[in-house]
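Below, subunit A partners subunit B and then partners subunit C, in two separate complexes.
Now for the complex of A and B:
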């Protein structure tokens, strides 16, 4: 019987192809890292929830029939008290280090037929990186004549919109 | 003609191909990121805790924190009532973090986390200087949600002998000195009152504090003030009710049965706390009267009624707290 070289060629080819396929697939699948848009969405949602919570708790009456802290700080224009209360509520964590959440707050008001806004609180110490996604939370606050806001007085009670932009710095 | 060589080679190739195809779904599982799942469960748990008042199995009295058996709790929410998120009930907080009553993790998984997957979790509440927590410390990777809340404070009615001069010494009147605290449930349970300050005798503890009792009762000379009896009445009829505590001068805590068995000397201050019970004897329209009967005062006696309402009772300012839920 004649010994032929090509008698085992198909087998060798099969083994080679198998190794190549498995190696390729393994390398490809191990290298995949899928970052779904859902990941960022959840982080943003949690941040928004936290900001809305903090404003809601600050907007609870301090006593039966009394004003809320939020109404007081806006009425008296006290961004320092706002920062002292709002910032710990955002950052405090039970486990792990403080959450480095940054924010800036502004107040929008209606004047004539237009809407204008004024910066309420813009804590320093933040270096913009240009890539942090920000979320926005808002709360309506009622102010009364005699307020200290740097806006034209209308002589009557009015509602202003407190708008807080939050991001992780 | 098909050779054996071709068959062997083809078989090896097909086997490898099948293995590769079988590998494909595996990385696709990773698309469903576990972290997102944990975050979602943490978020859901946070919502239940902060925005829901919870639910017991028995519908006649909707307070799960008063159930005697952990199995009777369907859902553990901490909110004081439906529609008032962020306001937590102190009684619910105490019961929720009572790991002697609820077993970690079974009871919590059944009535808070839900679902078949056995999630582990760690829940912490920081409020003022207090810190409650349940569950082991979380590992490196976990889903977390943080909620800002406030915990409702306990109301109290304070009578201070140096401030309130209500007891007089009418002529020719002998007998006991009596102080009656009238608690009108119908006035207190008013939907118009903000839930943060509403007092509901059925679910909130009520505290009555008498400071400087000698001055308050107008006791003269060296006589001691002796508390003989405490009577608790519903609609004017005395009933046996044991769920109260009595602190005399803040160091002696006396828990008594329905009547005070032995008289006690009260040197300075008296604090009485009426605790809520699973099926309270009072209904929404009832008036509860708590009468403190002090011994005969030879100089004369007086009977005063003070109403426990929103004018007389005080409730401290609520402080914010942080509730954090970690799931893994």
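Now for the complex of A and C:
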């Protein structure tokens, strides 16, 4: 009787192919879940984008040569109007509940060779957990003599930096 | 035959898994580029070119950028005549240690 080894070869091929397929499937599924704990800064970057966009919307001139809403609220020192405009831009969503984004805004200005800051808007009503990562967005604002900011008067037009800290509360 | 097909599948899988990684890296690079800061700074410089207090404002921009945004910025302007019309050439430089940006524009 002649012994044939064809069947053995087919078996070896089948086993090897099966192993390769399993390896393929494993790697494909690993490729989908590339979101590791080290990637949480992507969320932060999205939040930063949202905040910067909201400030950009407020910093749109209302017409040719006219001031922007942001300039007006800073010049007239109206944190209430700032809050009323800024927080819907941040929090409103097309569907579902509001996004619980918290913020706090301050204004930095130059005095001589130094920089000082004054709090512009710090809405209450959030519970600080102490572990929510915050991001920071800024926007330049030009103010002119006669402004109502609680900062030393320089008697000239000046550029101040509006800084907003954002976090999910 | 089955063996060859599974090797082909493995090869295709390698390409697919790389595509996801490449997409993620590109998106991160785009998001990390400080485009808001640069655009905002640029528009502020353009708006202040013709103000009387330009030098003071430029110093405001420079110092506040350095201390609050950790970016070195510099603005140079020079007057030019282009076909009987005076224009200002503005050179903006921005460097925050990661991104270096330079732009020359006519205002």
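One rule holds in what follows: the second predicted complex is superposed on the first by the 131 of 169 C-alpha atoms of A that agree within 3 Å, B and C clash if a C-alpha of one lies under 4 Å from a C-alpha of the other, contacts with A are read in each partner's own complex, and residues count from 1 in each chain.
We take it that a residue touches a chain if its C-beta (ideal position, glycine included) is under 8 Å from a C-beta of that chain, and two chains touch if they have at least 3 such contacts.
Nothing here was measured: the structure is a model prediction, and the numbers come from that model.
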Touching partner for A:27 - first (subunit B), second (subunit C), both, neither: second
Which of subunit B and subunit C A:62 touches, first, second, both or neither: first
Which of subunit B and subunit C A:157 touches, first, second, both or neither: second
Partner chain(s) touched by A:49 [first = subunit B, second = subunit C, both, neither]: both
Touching partner for A:14 - first (subunit B), second (subunit C), both, neither: both
First, second, both or neither for A:142, with subunit B first and subunit C second: second
Partner chain(s) touched by A:87 [first = subunit B, second = subunit C, both, neither]: neither
Partner chain(s) touched by A:110 [first = subunit B, second = subunit C, both, neither]: second
Contact residues of subunit A, present in both the subunit B and the subunit C interface: 13-14, 17-18, 21, 32, 34, 42, 45-46, 49, 56
Subunit C contact footprint on subunit A (complex, rising order): 13-14, 16-18, 20-21, 23-24, 27-28, 30-32, 34, 42, 45-46, 48-49, 52, 56, 59, 108-110, 113, 115, 137-140, 142, 154, 156-161, 163
Partner subunit A, residues of subunit B touching it in the complex: 3, 5-6, 8-13, 15-17, 19-20, 23-24, 26-27, 30-31, 33, 35-36, 39-40, 43, 50, 85-87, 122, 124, 126, 131, 133, 137-138, 145-150, 193-194, 196-197, 310, 315, 317-318, 320, 322, 324, 326
Residues of subunit A that touch subunit B when the two form their complex: 6-15, 17-19, 21-22, 25-26, 29, 32, 34, 36, 38-39, 42, 45-46, 49-50, 53-54, 56-58, 60-64, 85, 89, 92-95, 99
Contacting residues of subunit C [partner subunit A, same complex]: 2-3, 5-7, 9-10, 13-14, 16-17, 20-21, 24, 28, 31-32, 36-37, 40-41, 44, 47-48, 51-53, 56-57, 59-61, 63-64, 67-69
